[in-house]
Amino acid sequence: MKQETEAKIRDFFEQNDHFAAQNRILIEEIDEGYAKASLIITKEHLNGAGVAHGGAIFLLADFALALASNSYGTLALGINNSISYLNAAQENEHIYAVAKEVEKNHKLASYTVTINGKDDRVIAIMQGMVYRKDKQFI
Amino acid sequence: MKQETEAKIRDFFEQNDHFAAQNRILIEEIDEGYAKASLIITKEHLNGAGVAHGGAIFLLADFALALASNSYGTLALGINNSISYLNAAQENEHIYAVAKEVEKNHKLASYTVTINGKDDRVIAIMQGMVYRKDKQFI
Amino acid sequence: MKQETEAKIRDFFEQNDHFAAQNRILIEEIDEGYAKASLIITKEHLNGAGVAHGGAIFLLADFALALASNSYGTLALGINNSISYLNAAQENEHIYAVAKEVEKNHKLASYTVTINGKDDRVIAIMQGMVYRKDKQFI
Amino acid sequence: MKQETEAKIRDFFEQNDHFAAQNRILIEEIDEGYAKASLIITKEHLNGAGVAHGGAIFLLADFALALASNSYGTLALGINNSISYLNAAQENEHIYAVAKEVEKNHKLASYTVTINGKDDRVIAIMQGMVYRKDKQFI
């Protein structure tokens, strides 16, 4: 992937994905059909049980998936996600989501996202599908 | 469900679920194995395509599921969620999530969550499973 | 739905869905965006634990979903299914799957399938999505 | 894994998993938290569109998952599966499912299953969760 394209996609998401920005999700890497994002768990990301909220972990994974599926410069919209939670993430932990493309057809594409925390513990795993529009967004 | 129990659960979630509060999720109703929550979509909930973020819709649905599955006063932890996005929700739209219990065993329980917006459009549908601990939290 | 259309769809599936026929899945009802199918659990449907195989329950649910999503006479292909198993079904039990359309757009549609057994016990619940082709098949 | 244990698990499944045997699913490999199974698609595995039935692909994947999750000799029961279909499999094609453990706790474990066909095309991908009983079955 050209550095210029990566920069454009990064800028687009940093300026327009308000929900991810508001919740302090960070872009780490973007490549064709691949992306990595991260999140430092603070008090505002906790649930009633005092650990990282499922919704915060989902958002991190979904954002990595959005970066990976939009990495071709044409709009991809999430249509289905399935997430399994495997280990709790704690306050102050820095967690990472890596999205990898499994398959891409003309209209649909599928991704696996793995979310890891400290000592490479698996926090969660997500499988996601997107619908691909012809529309260029960058 | 006793009004007193409902008030305790409502208080517990309003005080301790920081991620839901931070993102302005509102509790509407709680009953045994049932809950309704809502969200007014503002700019901060939008994604790069200018509509409500999948992560915000997921959070709303997940929160309704958490209320419903914790309505017995014992701790229930989400282990798996599958969400399908069916229609986009727009800025200023008031959307609702209703979680209903499908089955509850000793250790596991399953819920269907429907998310609706203006004119009863279906925004998304979620299927979720929880693991039930013996621990009382209220 | 016209009785003639129902008969055509029923004939099409009974003659062409070899895997469902081979495993003794029965068509009960077909309407627009709706279908009911059933299965009598015999020894050949059991798993190693001596109860109905998850694959047999999935097949029954998937078949009801296929009938419902193909009820308009244009081809619909399954792209994603999520199933949760809630109670075991026993040998000789007659189980039913009811598929209901949640939403249908130009290209995608979503269905909820509930599988029930004796005394209306919920055996499983499935959420499925299909991709809709323009091709007529009847 | 001891060869003797593998042989016992293989025997158990070959003798007791009637639904897999009936549909000609083959065991290829079993190791701790890992398994591979295969299926030669014949006419009896086809759906109305003339390609491998989603239910047959699911069964193959689910069976690999069952082998992997039962590889410790204690009973594991499937509670949730999410499958995405990515490419059609054709009559006479020999397809393979490989199940790998993502995480295993005391009561729950999670697996990713990849189903591949000719020329390593990805046919489908599945994410599955099991509930682990204390009961020894071999």
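Labels for the chains are A, B, C and D, by order of writing; each one numbers its residues from 1.
Please note the rule applied: a contact is a pair of C-beta atoms (placed from the backbone, for glycine too) under 8 Å apart; a residue touches a chain by one contact, two chains touch by 3 or more.
Just so we're clear, the structure is a prediction, and the values are computed from it rather than from any experiment.
Peer 1: Would you kindly say which chain has the C-alpha centre located farthest from the C-alpha centre of chain A?
Peer 2: Relative to chain A, the chain whose C-alpha centre sits farthest away is C.
Peer 1: Return the chain pair with more inter-chain C-beta contacts, choosing between A-C and B-C.
Peer 2: Top pair by contacting C-beta pairs is B-C.
Peer 1: Look at both sides of the chain C and chain D contact and report whether the same residue positions are involved, with over half shared, or different ones.
Peer 2: Chain C vs chain D: same; shared/all numbers exceeds half.
Peer 1: In whole angstrom, how far does the Cα centroid of chain A sit from the Cα centroid of chain C?
Peer 2: Averaging C-alpha atoms per chain gives centres 33 Å apart.
Peer 1: Using the average of all C-alpha atoms in each chain as its centre, how far is it in Å between chain C and chain D?
Peer 2: Averaging C-alpha atoms per chain gives centres 21 Å apart.
Peer 1: Could you work out how far the Cα centre of chain B sits from that of chain C, in whole Å?
Peer 2: 28
Peer 1: Would you mind listing the residues of chain D that make contact with two or more other chains?
Peer 2: Counting only residues that touch two or more other chains, chain D contributes 79-80, 82, 84, 108, 129.
Peer 1: Which residues, counting only chain A, touch chain C once they are in their complex?
Peer 2: For this pair, the touching residues of chain A are 79-80, 82, 107-108, 129, 131.
Peer 1: Across the complex, what residues on chain B touch chain C?
Peer 2: 80, 82, 84, 86-87, 102-103, 105, 108, 110, 112, 114, 122, 125, 127, 129
Peer 1: For the complex, which residues does chain B have touching chain A?
Peer 2: Listed in rising order, the residues of chain B that touch chain A are 12-13, 16-20, 22-23, 43-50, 53-56, 58-59, 62-63, 66, 70, 75, 77-85, 137.
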